[in-house]
Structure formats: C-alpha cells, structure tokens
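The two complexes that follow have chain A in common; it is paired with chain B in the first and with chain C in the second.
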Partner chain A sequence: MAKTPEQVVAEAADRTGRSPDSVLRLLQEVNREFGYVPHEAIRAVSRITGKSAAHVRGVATFYSFLSSKPRGRHIVRLCSTVSCEMKGSSEVLKALEKELGICAGNTTPDGRVTLETTSCLGLCDKSPAMLVNDVPYSGLTPETACEIVRGLR
Partner chain B sequence: MKREVLLSPDQPELGSALRRAMEMEPADIAFEVREAKLLGRGGAGFPAGVKWVLAGGASGAKKYVICNADEGEPGTFKDRVLIERYADRLLEGMAIAGYAIGSDEGIIYLRAEYPYLVPVIEEARSRMLSGGLLGKNLFGGRFSFDVEVRMGSGAYVCGEETALLESLEGRRGEPRNKPPYPVNSGYRGCPTIINNVETFITVPHIILNGAEWFRGLGEDGDAGTKLFSISGDVERPGVYELAMGSTIGELLDLAGAVDIQAVQVGGASGRTIRGDQLDRKLSFRDLPPGGSVIVFNGSRNMLEVLRNFSDFFVHESCGQCTPCREGNRQLRLAVGKILEGEFCCRRCLDSFFELASVMKDTSKCGFGQTSANCFVDIVGGFLDLPEDCSRVHEQNPCHEGR
Partner chain C sequence: MPFITINIDGREHTVQEGVTVLEACKSAGIPIPALCYHPKLRLAGNCRLCVVEVEGWKTLQPACVTPITPNMVVRTDTPRVRSARRTIVDLLLASHDCDCLVCEAAGRCELQKLAYEYGLDRRSRSFIGDEDYVSMPDESSPVLRYDRSKCINCTRCIRACGEIQGKGVIAAVNRSRDVSVSGGIVEWSDSKCDGCGECIQLCPTGALSVKARIGVRDWDVRKVRTSCAYCGVGCQLEMWVHEGRLVKVDGADVVPNYGSTCVKGRFGHDFVNSAERLKTPMVRRNGMLVPASWDEAIGRIASELERIKNSHGPDSIAGLASARVSNEENYLFQKMMRAAVGTNNVDHCARLCHASTVAGLAAAFGSGAMTNSIAELEHASCILVTGSNTTETHPVIGTIIRRAVREHGAKLIVVDPRRIDLVDNATLWLRQRNGTDVAWINGMMNVIITENFHDKAFIAERTEGFDELWEVVRQFTPERVEEITTIPAGLLREAARIYATSPASSIIYSMGITQHVTGTDNVLSVANLAMITGQIGKPSSGVNPLRGQNNVQGACDVGALPNVFPGYQKVTDPAVLEKFEKAWGRDLSSRNGLTVVEIMNEIEKNGIRGLVIMGENPMVSDPNLAHVEKALQNVEFLAVMDIFMSETAAMADVVLPAASFAEKEGTFTNTERRVILLREVLPPPGEALPDWKIICRLSGALGYPMNYSSAAEIMEEIAALTPIYAGIRHSRLFSEGVQWPCPDPTHPGTRFLHKDRFSRGLGKLHPVDFIPPDELPDDQYPFILSTGRILYHYHTGTMTRRVGALNEYAPGGFMEIHPADALRLDLENGGRARVTTRRGSIETEVRVTGRVAEGSVFIPFHFVEAAANRLTNDALDPVAKIPELKVAACRVDRIGTAMGGS
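Now for the complex of A and B:
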C-alpha cells in the first residue's frame, strides 16, 4: 500500500531530526516521494517540527524544485537561460511541447511527463541542455530531445 | 595569459597539502591565505583569508566550514567541472580550512541542478576517509574533520551566503541583515566560513607553494589564476584557467570568437562590454570575474538578451525587499516597452536608470544591488535611441510611465 504523506514525513524525520532546521529536508523527501508537496505533508511537517503551517508553506513555495501540485512520473527541465537560448532551446521547447501535447509547466494527461523550463542548469558549454529527473542531457536538437522523452515510461 | 594551476595536468599528491598544513599553527594558515590575497572565487571577491582569520579568532566551541556549490549565475559552470574532476581536492581544501579555524564539520551546499554530482563527491569522500585524509584524528593528531553534502532546491539567491545559511537551516532562502557576519554568527549561530568551490580548491596549492608564489601568478598586481566558464558565440566553449588580470581578448583568443558584438563578464548580474573593449581586464579592479563569460556575435539582438536576463531576475528575486522585487519587475516591463517600440528615446528611460541606481543603493543583498547592471549596460551601451523625441510625444505621449 502506498505511503501516506504523514508516514513519509515521520520516516524522514528519523533521519533528519525534528528540529525547525529540518523543514526543508523533510519537504525535499516528501517531494521526492510524491513528486510534489501535498497539503497533508505541510501539516505533518508543521506538527513534527513545531513550526506553523504558514512557515512550512512559505518554505515549500519558495524553491523551484519543490512543487505544490501533482506532477508526472518524470520531470523534464529544459534550460531557458541565455546560453541555451542562443543555441536553440526555444526550438527544442517547441518540439517537446508538440511531442508531449502540452505547454511548458504542465503534465501529460497520463501522468507520464511534466515539462518545465528552468533557470541556468550550468551546462552552458554543451547547450542546449535539460535535466530529466536527475540526469543531465546536453547538446540537444529538437530530434534528440524528443527521442529522450519518448523513452520515458 | 593562460596559466594552469588548478587545471594543471601535473597535480600535487592528494593529502600533501593537508599534511603540510597540519605541521603549521592554525592561525598561520589563515595568515598565509590572507597574504596570498586570494579573493573569493564565487564573484564577490572578498579576501578569503580575512574570513579565515576572523572565524579563527571568533569565540565558539563549534565552528563550520561551508562550501558554496550553488553556482547559479547564468553562464557559469566552472564549479561543476571542478567537482567532476577535483572533488577530492575540494574536500582537502575544506579540511585545511577546518584545521585553520578550528572546525570539525564541513558542509557542501550543492545546487539542486547538480544531483548527479552527489555520487562524485561521496566517492571522493570515501577515498579520503579510507586514506586517512578525512575522519577522526587525522595523521594521528587531535584534529578530526568530515564533510556532508546538503542539497539546495532550486533558488539562485541561495548563492548569497546568508541566504544559503537560511536554506541550510531549513527556511526560505532570504538573505540576512549583516552584521552579524557569518564569521561571527553563521550556521546555527556559530562562527562559519563560506567559500566558493574554486576558492577551496585553490587553497591546497597555496599551502604547498606559498603566498608569494600565488601572488606572483597574476598580472599587474592581481593574485593567482582564475577559472572562466565561456559560452555563447565561441568555437570552443568550456572552462579556461588564466592569470588573474588577463584581458578579455586573451580569453576570447583561446575560446575562438569572431564578429564580437558584446561580452558579458560575471553573468547576468555582471557587466556587459562592447566588442571594441577587449583590452578590459578580468580582475576585481576592472571587470569582477565571477566565472561566467558569455559572448554575443553581431547577429544577436542584445535587447532580446536583456529580456531573457530580466525574466531570470524577476523569477529569481526572493521578494523580501522592495527595491529588488519591484525594481526588477519594472525593468522587465520597460524592456518589453522598448521591444514594442513604446519607449523610443532616452528621455522615456530616464526614470528607469534612476530606478536602477536606487536598486543598487538600497537592495538588501548583492542580488538586487547588481541585477540592474545588465539593463544599464545593454540599454545604455547597445541601443541606438535618440536623446529626445518630443515631437513624436505630442502625438503619442509615451512618457506616461514616468
């Protein structure tokens, strides 16, 4: 049976501790488990660290890599900063949007892929670049990017 | 001039610098780094040795050594390359810092965009642990040191050292008021030094070769070498190491660039110079060299470049202080209006240059103090706008926004 947000937070707290310092790390664990930070997790982190739900939500919404809404099984983050744009990231984005049938910032209806644009990925020597989950891909063309995304199950 | 130390194929034996350091008095190491005039390689250029001397002298049973591996400046990737190749040297530099200031605990704050570097660092750490270069009672003495990797979660502002501390303590990455400075009250209120990846990797070389040697590596009174990440319209993008104080032209010759319209030094928050200013120096006394150099050829519309950077700043401002949060939004709106032709002369833009100077003077941290640079440099240096277009304004009053 799938774990509840409360269970995930409780288990993670055994590793991170329960001090207010742990708020971000707990949220990172929740985000890794569910792909986003559900409302129940906000309340669970609040209870376990003694910080207000407002404080926890403030942390959860500050960081780009934490999501407040459900996302796909795979997260594709295409760099949209200047060096990548100069090497054609806009064309790659258009191709990916067409391939997936969604605009950037959205998830495919089958929950397979979320497509996002992101600030500089630090791969500017091999632009354009994207991060698929934790794996970097660089030197992309519209074709190679679509091929990579097609391979995601 | 190309001068390789950090990237040299001829690397000193791992641990030799740490061993040498531990034969010295801790305070003498901090003095040596200060004498070397090693300026912070993340871009701010604060003397690393001064931080070490202050943190070493600060009172506190617990102290921390933090590596800022949150390079997020557009166009910067030197720290990624350094970690890929020299993660063990980074750990050695942090251990030397720990010995110098009296800390047994290091933390690497790694940006969320580099998750694939975690195993690289962990493998280096394992090698160091089994080689007796990290862990308890190093070289049989009383000094112990270990390093933990902590992940960011995607926030450019967390490269600002006090925002980084906030993030490490689990909060929103909003910069703190200074003072107190981290050397007195940093992570969890303890004396803390925060240095960039490149800064730590430079330290073992200084310990082995001396401050005087390091100072002599630079040009015209600048100390040491510097890594540059170069991208954009160049034939060979990548990381290059040059003597500090080298010219932009020397770097561009290595990377191969023609028809240069503009070069941006120090990333989006750095300075943008014209292609006829290639004799400008990569130095904290001229163009502060954070690490990013982006080249734009004659085919690029610099206003589109500015739009991209402005979007970046609007997205990444932490929102805590008004000059930065609202200032960047207003500058982004102005860029849009220039692109649409609504702002058509210098007079239309006077108030935005004033806003840029207000942001520089009144923003709380380095983010807001530098994010208007690209607006000032690109609109000021690359746009061919008439001084005034009052005749046009009579028919089309475009001064509304003032």
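Now for the complex of A and C:
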C-alpha cells in the first residue's frame, strides 16, 4: 500500500531530526516521494518541527524544486537564461512543446512529463542546457532534446 | 553610551553612538518615510523607502539599517532621494488595489499618505493592470480580513506575530510577484492564529483589517484610552467611539501591554453596545421582574434590608462585592456593608481564585501580591510556570513569557498536569498528578538543599524557620516524589538545578496552585522554594501569582474581604477598628465576616437572610452549583447590580442596571499592583448608573448618607485610610499608573517587592507536608476532573458570550479526554458525553486530545448550559476558605448509542 504523507514525514524525521532546521530536508523527501508537497505533508512537517503551517508552506512554495501541485513522473527543466537563449533555447522549447503537445509549465495528460523553463543551470559553456529529473543535458538541438524526452517512460 | 556628532541636512547633531541613521534623524526631528520599519520590530530593510544620501557612498543608503559613524554627512531631502522614494511608492501603487474610497484603512494608511505626499495617483502608474493583482480577500478568520491586493510585503505582520507575540503563526508564501502573507495552508482559519490582532495594528495599509466593518472613518472617531475589562494584566486600550457607540479597539502603546492585546481585549468589547444591557431598575412583582423607578427599587432594597436587620441583626445580611468593578466602588460597597449595614459579611470572587495567595503570601512575606512587574518577566533567566495556562488566561503575559524564551533565551519550566501551549516553548515540562503540588515543590527543595544549591546567606539573613522546613523537606526525595506525583525523579532534579542556579528565576502561578483544599499550603511551598534559593526581592525574580480578573487585586486591596479593612488591616485589631470607626463615624463590627462559600451555606441554615450582589454571577462561577441555586432561591431577599440579566440577576428580588467599565471613571489595580485609570468612554445606556452612584443612593436610603462628586474624591478617602495606597491620586495616573505600595504622593511607586526586607521583616519558611486532594478517583468515579478557562471566553460568559467573533471561535462547552480513555469508553471526538460527580451531572461535547493525561478530564467553566461548577467540589481550604475547584472525582458516560441501555 502506498505510504501516506504523514508516514513519509514521520519516517524521514527519523533521519533528518525534528528541529526547525529540518523543514527543508523533510519537504525534499516528501517531494521525492510524491513529486509534490501535499497539504497533509505541510501539516505533518509543521507538527513535527514546531514551525507554523504557514511557515512550512512558505518554504515549500519558495523553492522551485519543490512543487505544490502534483506533477508528471519526469520533470524536464529547460534553461531560459541569456546564454542558452542566445544559443537557441527558444527553438528547443518550441520543439519540446510540439513533441509533448503541452506549453511550458504543464504536464502531459498521461502524467508522463512536466515541462518547465528554469533559470541558469550553470552550463552556459555548453548551451543550451536542460535538466531531466536530476540529470543535466547540454549542447542541445531541437532534435536531440526531443529524442531525450521521447525516451522517458 | 557615548555620543557622536553627525551632519544631517547641513546641520550638526549630537546623537547616541550605535544608533541607525533613521533613529538619529528621528531624534533630530527629521522625518524619514519608512514602511517596513517599525520601532518595535527587528529591522527588515526591505522597503527601501528610507533611503538617504551619505557622503562618500555612491549609492543611496537605507537609513533604517545603516549605522551612524563619526562625522557622517547625511542628506535626507535631495532631488535624488525624493526621486528614488517617489519611484518606490509608484511601484508599490502599481500593484496596489487603490480602493481608498471604501478602504477601512483610509486616513491612517501609510501608503496613502505617501502617495499624497509624492502626488502619485492611479493615472501615473505605468506597469501592471489591476486585474492580475486584485484577488478576493481571505475572510476565513473570525476577526480579521487579509486582502492580498493591498499587501506591500513589508513583513511587519510576520515579525509582529513572531517577535512581539512569540507565536510565529503567519509567514510569507510563494515567490516573486506572487508573494503574499498567509496565516495557514489554504486560508487563515486553517492555522493556529488566535486572533490577537497584533498584525492588524502594525499593518501600514489596509491589507490586514478588522473583519467587522467599522463603518466610520478614522478622522470621525473619538479615541479614548482606558483599561481593559477582562483579565488582571490591565492592558491599556484605545477605544474608538462614534456617536455613543464603541466601534473599534486598539492596544495603547504604554505599560503594561505596549500596544499588544489578546483577542478578547481587541475584539471582545461589543457587549457594551448590546441591546440586552439592563437599562432600568427592575423589581419582582407577582413573581415577575418588572421595570421600576430608581426610587422604588432603592426604597425596596433599603426597607427589606432594614426589616431583616431589625429582626435578625446585621450579621444576617451579606454582600458580594466584585472583582469586575472599580476600586472606588468596591471601597464604597464594603464601607456600606460595614458602616451602614453593620456587618463584615462582605466577600467577592477572589475567594474562589486567590484567597490562598492572600493568606499564604501574607504569612510568608507579609504581603500577598505579585512581587515583580510584568515587564520584568521578559528579562528573567528562568521562569517556572505552574498551575497557570498563561497564554489563555493572561495572554499578554503569556506573550511576554514567550518573548523571554524566544528573544532572550530564558529557560522555561512548566509544571502542569495538562499539556498547555507554553509546553511548546518549555525547556522542561513536568506533568504532575493533579493536586500533588506540595510534593513536587518539597522534592525540588530536597534536591536543591541536598545538592547544596540553596542560598545560605539569604536564608540566614532574610528568613526564619529553615531547620523546621528541612525536617519535612528531607523526607521528599525525588524518588518518593515520583511515586506521589508521577514526575520522573531525573526531570525533577534537572528542574530544581535550573531554577536554583539561574541568575534571576521567577515563579508564575495561578489557580492550579490556589484552588485546592491545600491551596494555602501550595502557596507557602512556592514561597519556601523562592526563599531558600534567594530568588526573590530582585528584579525579574520573585513569586508572581497572576490575578484572574481585571480588578481582583484592587477589590482585595480596598477591603472587599470579610476579615480586613482596606489595605489588609485586620478587623480584629482594636487600633485599626478605632481608626475606621472614627473615619466612618459609626460603630463597626470586630468579628470576621463570612466568606463566599460560607455565605451560601449560612443561607441554607437561615443565618443569612438578605444578600446584595454587585457584578458577580455565582450561579455559574461558584462550586457545587446545585447548592448555590438552592441557596439563592431560599434567601429571603436578593438584590443584584449588573450590566446584564445574568443567571444570578434573574433570581433576584431587585435588579439594578449598572454602567459598564467603559461608562464610568475610576481605577482598577492590575496583577502587578499597578493602579490604572478607567475613563468614561461612552454614556451608560438608559437609566444605568455607575455602581458607586448606586451605592451612594442605597447607603443614603439605609440612613448612612454618602456624598461624593467623583471617583477621584473617593480615591482620596481610600488613600487617607490605606497605607499602601496613601500616595495614589487620580491625577497621578494619567500616563502609566502607579504600583503600590505608594506611601505618599511624591513616592514613585514600587516596581518589585521585598528588596532588602520582607513586608513582615524576616521571610517565614513554613514546613508543609503533603496532603492528598479531598476527593480522589475510585471505582464509581474513576476520573480526575479539573476545570479552567479558555482564551476566547471570560468567566461566566456574561460579556464574551455576547460577542459574535468569540462565539465563532468557541461556540460552546466541551470536555477534554485522553485518546486511550476515549477508546475505552467508546467516545468519539465531537460526540457527546455525560460527566457526573457526587454533586451533579452535565452533558457536553467530547474532545479527544493528548492535552490531558490518561485518567483526567478537563472542562472549561464558562458555559452555563454545560456548567462545570455543577460538578465541582466545594470542600474548602481550612485557612483561606477557597474551594477545591481543580480536583474532583468524576465518571464519564457516552451519550447516544448502546451504553447498557442508558
């Protein structure tokens, strides 16, 4: 049976500790497990760390790598900052949008992929770059990007 | 601190070293606009509106976070500065819903003022259309509204909630242009926000506002400062009045609350406007209370009391004064009972809360009041809170305790059978079994003395009776204490060490200590603990009983007690008696009168036949209500003065309409002994009169005329007869009030007591042995029942239950029970249960919670429909005659389905 957000938080707290400093790490674990941070998890983290629910929500909504909404199984983050832009990232984006049939910021109807743009990934020397889940890809062309995304199951 | 010279706008100014540019400008009288800055809050430096030019710096500097340096040259009003500020205001306005025409904040809005100053209007805006930003306000809180489209993200509210209130409920959520302030996860009501409203008071715009529409503009209201009508903290409030109605309340920025209030103080005063207020006197005719003239009502009381006095003697009459009315009124009430009626049968509800404090601390120190000032608690290094759910019963003091912990690193030790909210902030929480306080305090002293942490010099120089104390205390090893109290021995040792070795430890206690048959013993034990460690007679260090009601301290001080005249001067002392006989021109009784519970008992035995009650509601507040009800039905004659038709007034023969706290002049004395002013904010409704005027009329009708032109004149008489009040005059109280003892009109008052010597000379250590509570659980009544208060209601609810917002927070009575017990009894959260003791039975809602220990039940006593006091035990402390409201044995039964056919 799938774990509830409360169970995930409780188990994670055994590793991270229960101090207010653990809020972010607990939320990361929740995000890893569910792909987003459900309200029940915010409540659980609040209870365990003693920080208010609004504070925990503030942390959860501040970091772009934590999501407040359910998302796809795979997250594709294409860099849209200056260097990548100059090397054609907008063409790559158009191709990805066409390939997946969604605009950036959305998830494919089958829940397979969420496409997002992101700020600089630190790969300017190999622009354009994107991050697929935790793996960086660089030197992209519209074709190579689509190929990578096509391989995601 | 040394001073340095800086140049501001071409002129030299000498200012204190270490301040910021903004503070320097402020002290030089040069205005600097700022939105995120607030003198009470830590610096945020996020609005950038306070920018100034500083010579030697290329960029503009934010004045609020820039410290001054010697010979600094600052320019605050150059074109560059003005242009930068103008741009900032323009940007703020660009995303601001400028509906000033209908905004509650118009007139006091700081953004509005700046927009006007810089000549900015909607048309000058260039960036973003309104549509993106205007959103529906969050109105889910019972008391406040948050409108994101007016929020400028200054974070004052967030800092206010965290730094001032110590709650940290609200926070900023989201990023970038989506940032907003949030109370909860989805909406405000989904949070622990308790509605204190500190955030509203500090919001510079209309983003956070009072939910109930005020309907009157800031510039149309009259603002009057007065004292709060609720608890003993004595918060100073600013009341907004318009056309004879109270429209809004703010905290006044003076001692003791410095702008803070609780939800009751800010939102709980609607009752004064209530249509249910008593407006004419009423007398009972043919079994019905019908309106009557003042003359008829007063005449009826006078003739009935005269008749009873003539046939049964003055001691067949008793009076209940009130901790809710002013010092002047309580003084006149007891004077009337003693001089006009001729009896000492005058008491009030202090009997039910701190009679044991008055008795115990008087025996130990010579004076029964809070030894320190409220403000000093913030700087105590260790605070031991026992039997006080401070954040609910004295919320602003609760806030100060939280600040002491959060901002100043104080160690907090909570000793309480319930997991009260302060446990969240506590270093240690000791959960004792109800009614075992003498045992754990003796245990702590045992540890302290055994481990040699006691203050030998203090004990030798300032106290007596140490050897006798040790004889008893030596028997209370932590292991034995663990058996009695269930507090683990190790935890007790740790607590003892922290308390004894901290530089300034303060004990805070309240009804959890006093409302026991061993109440006086408990208080003596607390005093012992403070004395053997020398933790008394110093700033931030002492024994601090928190008095429950707004004027319970004052009512005691001015003699509304059966055994003492004003200033705790004993009625049995011939010299004192002579002094008062001379002053009042009548022979007075030298026999101690009866206490509250004794009065009720005597009615049953026909010892008391006439009863006058001023502003009390024993039909809800007193223990063993079935008994009280019978007494009030049986008493020959009952007169009640009140602002509402309370449960008690409804049983009276004559009811007199009184002015509320907001409708009269006078003084209260708060829990820190501070005599504070009440002002006439509103006219009384209908024919209602201040109690002191009612007493003057009644006393005159009883053949003892009283002529006073004002409350101030009455205070002069009190001062002349009461040494601790000798220097108190109304004219001295306008700014901050004065703390007694104040022996003469030039004396500044006393911040903390017992500095070099105790009021009685040497502090007396009393050996106190442990005695179990009067009623313990058994097979028939297996649970321990305890009663108390909640944040949202006050005492018998006469006032708070007429306030919509407070009812929304807490609509009705409930019982708290532990999950394990609930499981055993098949009780569900939100279900109904019957709670029964040997004295009565009530039905109430079940709350399953770990706040109470297994085997315990807690019920708040505010709710007449589920009156906890139908259950409570009226067994008395032998010394102070305080009933054991905190411990009774009870049974709990599920109501509804399948309980053996019940």
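FYI, the second predicted complex is superposed on the first by the 153 of 153 C-alpha atoms of A that agree within 3 Å, B and C clash if a C-alpha of one lies under 4 Å from a C-alpha of the other, contacts with A are read in each partner's own complex, and residues count from 1 in each chain.
The criterion applied here is as follows: a residue touches a chain if its C-beta (ideal position, glycine included) is under 8 Å from a C-beta of that chain, and two chains touch if they have at least 3 such contacts.
Because the structure is predicted, anything quoted here is derived from the model rather than measured.
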Q. A:Arg18 contacts which: chain B (first), chain C (second), both, neither?
A. neither
Q. Between chain B (first) and chain C (second), which, if any, makes contact with A:Arg43: first, second, both or neither?
A. second
Q: Would you check which partner chain A:Leu123 touches, where first means chain B only, second means chain C only, and both and neither mean what they say?
A: first
Q) Who does A:Val82 touch here: chain B (first), chain C (second), both, or neither? A) first
Q. Who contacts more of chain A, chain B or chain C?
A. B
Q: Name the contact category of A:Gly58: first (chain B only), second (chain C only), both, or neither.
A: both
**Q.** chain A positions touched by chain B in one structure and by chain C in the second
**A.** 55, 58, 62, 64
Q: Going by the contact rule at the top, pick out the chain A residues touching chain B in the complex.
A: 20-25, 27-28, 31, 49, 55, 58-59, 62-66, 80-83, 85-86, 118-127, 131, 134-136
Q. For chain B, which residues are in contact with chain A within the complex?
A. 71-77, 79-80, 111-116, 150-156, 167-173, 188, 229-233, 237-239, 268, 292, 294, 296, 300, 305, 308-309, 312, 315-316, 318
Q: Would you tell me which residues of chain C are touching chain A in their complex?
A: 167-175, 182-186, 190-192, 424
Q.
Can you tell me which positions in chain A touch chain C when the two form their complex?
A. 39, 42-43, 50-55, 57-58, 61-62, 64
